[in-house]
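By written order: A, B and C. Residues from 1 in each chain.
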Amino acid sequence: MEIKRRDFLKVAAAGGAALAAAAHPALAREPKTRIKDAVGFLYDSTVCTGCKACVSACKQYNEMPASFSTPQDPLWDNPLDTDSKTYNIIKLFKDGTGAAKDREKDGHAYVKRQCMHCVDPSCVSACPVSALTKDPVSGIVSYSKSACIGCRYCQLACPYNIPKFEYEKAFPQIRKCELCSHRLKKGEIPACAEFCPTGATVFGKVEDLLVEAKKRLQYKAGSSQVYPVERLGGKATAERIVTPYVQKVYGEKDGGGTQILYLAGIPFEKLGLPKLEERSDAHRSETIQHTIYKGMIAPVVFLGGLLYVVHKNTKDHK
Amino acid sequence: MSEESKPLGGEVLTKPFKVLAGIFGFAVLLIIYRYFRGIGAVSNLNDGYPWGIWIAYDVVAGTAIACGGYSMALMVYVFNRGKYHALVRPALLASMFGYTLAGASIMVDIGRYWNAYNLFLPGYFNVNSIMFEVAVCVTAYIVVLWIEFSPAFLEGINKYKSGLPKFVQNWNVEGLRTTLNKWLFVFIAIGVLLPTMHQSSLGSLMLIGGWKVHPLWQTGFLPLLFLISAITMGYAIVIFESLFASVGFKRASETPLLGKIAGVMAWLTAIYLAIRFADLVIRGALGLAFQLNLQSFMFWVENALYVAALVFVAPPASRMQSRSLFLGGFFLLLAGTVYRFNAFLVGFNPGNNWSYFPSFAETMITLGIISFEIMAYLYIVKKFPVLPKPEHA
Amino acid sequence: MKNKELEVVSRQLGVSRRDFIKFCSVVATGMGLPLGTGAQIAEAVTNAAKRPPVIWLSAQECTGCTESLLRATHPTLEHLILDLISLDYHETLSTPSGKQAEEAREASIKANKGKFILVVDGAIPVKDNGIYCMIGGRTALDILKDTAKDAFAIIAMGSCSSWGGLPAADPNPTGATPVQKILTDAGIKTPVVSIPGCPPNPYNFLSTVLYFVTFKKLPELDDKARPKFAYGRLIHENCERRPHFDAGRFATEFGDDNHRKGYCLYKLGCKGPETHANCPSILFGDTGSGTWPVGTGHPCFGCTEQGVGFHKPLFSRASLHLVTPPDTYPHTQEQQGKGATIAGVAVAAAAAGAAFAAVSKVANKLGEDEKGKK
């Protein structure tokens, strides 16, 4: 090798010292915990009948246009997924004949997809200009188009593929559910929860919703129970015969936790909800970044070393 | 320093130049159309694949290929290998344009470009975002590259003005040159710090992709792997471009110098491959390379290209032959590019139902930008003192 | 409401007390009024003094609106309509005719100045000073202006008087004009309620009158002066064939298989999606289900809606005002995104090919140079 060992070691030592300083555990990133008064939904796939009232209500109260996936016959608002015109959608799982509800084989089940308002959102971590922010009280992840530069890193980061971009427009923006914060401001609840007739989507404080979800997991299948409708602690309720649940509340810890909790009668992966570790991607990514850059110690030390070496090597070249 | 290089001279409007201009012209029309009709009108980018070749090639691979300035600065100014000095300016030129056009590609790619300055505004920028660090670092580096290269411009205006347009000939640049030479070391130092930061962070960008990035590429070692491969690509482009220019401009080549650079490149590549495969084995992901799918196939293509490069430059005897040096450099550039394509596109899977392949217009825009880069390179080496004088070979 | 009065009215109207109260409840329900309103209507009716005088003027009409009022199978309805309101003038239904009828009208107007309800059916021609419709030597235009200013409220019965209807269809040679426009142009401020339709359902008219009689005000109206209880929704929202629309089951030709199965008529030109009316809810003629155009297998042509009826071709497709999800679902993983096209692959391959060609050319040259040097 051509490079003199001495010089190599000099530079390596400087870099190493910097790294060692930066690798102090206290400088790594703290995992985010649930906000006390955070709000969200409990969506129970076994209660959902696939009526799509929530899809219509969301469109109406967010003033979003119809999304036509059959352009030769543009008669229905029938998006294939959440998209730049659709914040909320009901999708169908179907196997074989699809005869029985909430059964994996020859059965069908519904799933509601919208922004999960994660506890440690990847999109908030990713956005270079803080266009996506998490409200410190409600935990709602909101979008600001005045900050956004349209780089779409949030689309790449989101494990649920939620932020959608207006590729068809000359002046595009990101679109996603913002938990009807415009309605919450007026003392109303999100439209999808208000218009759900069966109580599949219930709005409330996440800590209460988690208690309700765990309560349901204890219900005996075949027994008759009273389920809340629209919101927790409201007047509307519905009695129903309980059907078997998968013994897990999806969103309790997945990906660091979400504010939209799910219960289902078939495995969550079948409904399209990805299997995630408990550690959020934002935590992993930021920890690595902070280990290298926290306080800019390493770069500054490295630069100091470089200035010294380069100056020494160039001062006779004038 | 200044006595080493001189303008190549000769006709600028050659046939290759005109062909490139044609491609560039068409790309300009497409870019204008993009601004009027949106990104979707000229690309196949979609919600599942928000980043396509404009990011994977123009920005990520393009800046790695443009690491010639960085790698040569490390060699010459940090490890004090003065004898390679003549190769610095051509490397800087390629870097300058590579990075500037990566910046231009960004301005075509981002959807709300009029807000781009938010990246630099307190109250907006997010220091936790790796994208923020990449954007600011790359912007700063572009400025530094132009400053680092400016001695060549100033010298050209000073000594070779007859070859330049009339309005330039009247500029008085002697004072500026002196000041610049005094403080150049600062910019050189910054110009080594910045790429170290952002070339590694370009790899870190994919960390937050989580499960969407295939385990053959998703690793905590992404920053280190991207950094090492970028440095090797910097040496590779110096070798490749230097030998391509020798043949293209019918000049003698600097084979012995390049051979030594290739040696450094070979060692770094070996270290890179060692870390790459050790990481795969420790994570238990190597088995995925033996599945029969596109990802495993491209994984082997990527690493076969690295091995091919090593075949050409590892043996000391091969490093004395310009042909093996050239092919070694080429295969290494290809390997690094394929690695980046794999990490950002091929290995990125947001769900089995999404698909992406660049559209015709999208590819044409990338080719147009590359064409402009080559055109600018050709113009500047012919009009300004960049290439080393033949006796320096 | 006193039992005795109820007896009197019931006898007078020739119905049992029970049927009378049932009828009033039906009217109330049809308007979406709360429980107990039926009783209020019954009370208003039994009080003879509350029955308002009605003057019915006819201009460019076909008498369909009047016929609609009579087209009830329930035999006593004819009585009810004619006896609930004091119909002092009606060209078709009045017993006197000619000069006597005109005198009767003038007398009623004079006696009930400011208190009578004016019903108008038919459009009013204004071209050439309105000579295209003359009654008793006077133009309909003059008669209307004269009568309207003394009326308490005006009901424009049918599409013709509401927005012009058939006589106002292109090229409108007579200058047929709706009632509201005539009044606005003449500066007459008497309030106008529109009951469009060709013909309108008789209950829409009747309920409006009874509401007025009971509550002394007009029911809630929309921006086109139509009562919201009848015209507040699109036909598309209440149509019994809507599930077929949502499921994508359409008849494409008259008499084809799907048509026989009673599928949606949208593709045959049904204007339900852009027409406001309550036809699917209350139907026509009291003869049971399916007694409305769509129910019989013919697409709605939008007779109540200005800009649709007598304007859009019968079999052209309606524009959809409310687009809602269909009966189908996207699956948990639908194919999305844009993959390789021929052009896309071609240009990428061409670029790669050019690059490789250039590289191999240079490599060969370098190889030759090496050999040459040796």
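Assume a residue touches a chain if its C-beta (ideal position, glycine included) is under 8 Å from a C-beta of that chain, and two chains touch if they have at least 3 such contacts.
Worth saying up front: this structure is predicted, and the values here are computed from it rather than measured.
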item	value
Which of A-B and A-C has more C-beta contact pairs	A-B
Chain whose Cα centroid lies nearest the overall Cα centroid	A
Reference subunit C; chain at largest CA-centroid distance	B
Separation of mean Cα positions, subunit C and subunit B [Å, integer]	68
Centre-of-Cα separation between subunit C and subunit A, whole angstrom	47
Centre-of-Cα separation between subunit B and subunit A, whole angstrom	34
Where subunit A touches two or more other chains, by residue	81, 272
Junction residues of subunit C, two or more chains touched	333-334, 336
Contacts with two or more other chains, residues of subunit B listed in rising order	46-48, 351
Residue ranges of subunit C in contact with subunit B within the complex	333-341, 343-348, 351, 359, 362-367, 369-370
Residue ranges of subunit C touching subunit A (in the complex, touch as defined)	245-246, 248, 266, 320, 323-326, 328-334, 336
Subunit C-facing residues of subunit B, complex	44, 46-49, 243-244, 246-248, 253, 321-323, 326-327, 330, 351-360, 362-364, 367
Subunit B-facing residues of subunit A, complex	1-4, 7-8, 11, 29, 81, 83-84, 122, 125-130, 145-153, 155-157, 159, 161, 164-173, 255, 272, 274-276, 281-282, 284-286, 288-289, 292-293, 299, 302-303, 306-307, 309-311, 313-315, 317-318
Residues on subunit B engaged by subunit A in the complex (per definition of touch)	1, 35-41, 43, 45-48, 50-51, 75-82, 109-113, 115-116, 118-119, 124-126, 128-133, 135, 181-182, 184-186, 188-190, 192-193, 196-197, 200-201, 204-205, 207-212, 220, 223, 260, 263-264, 267, 348, 350-351
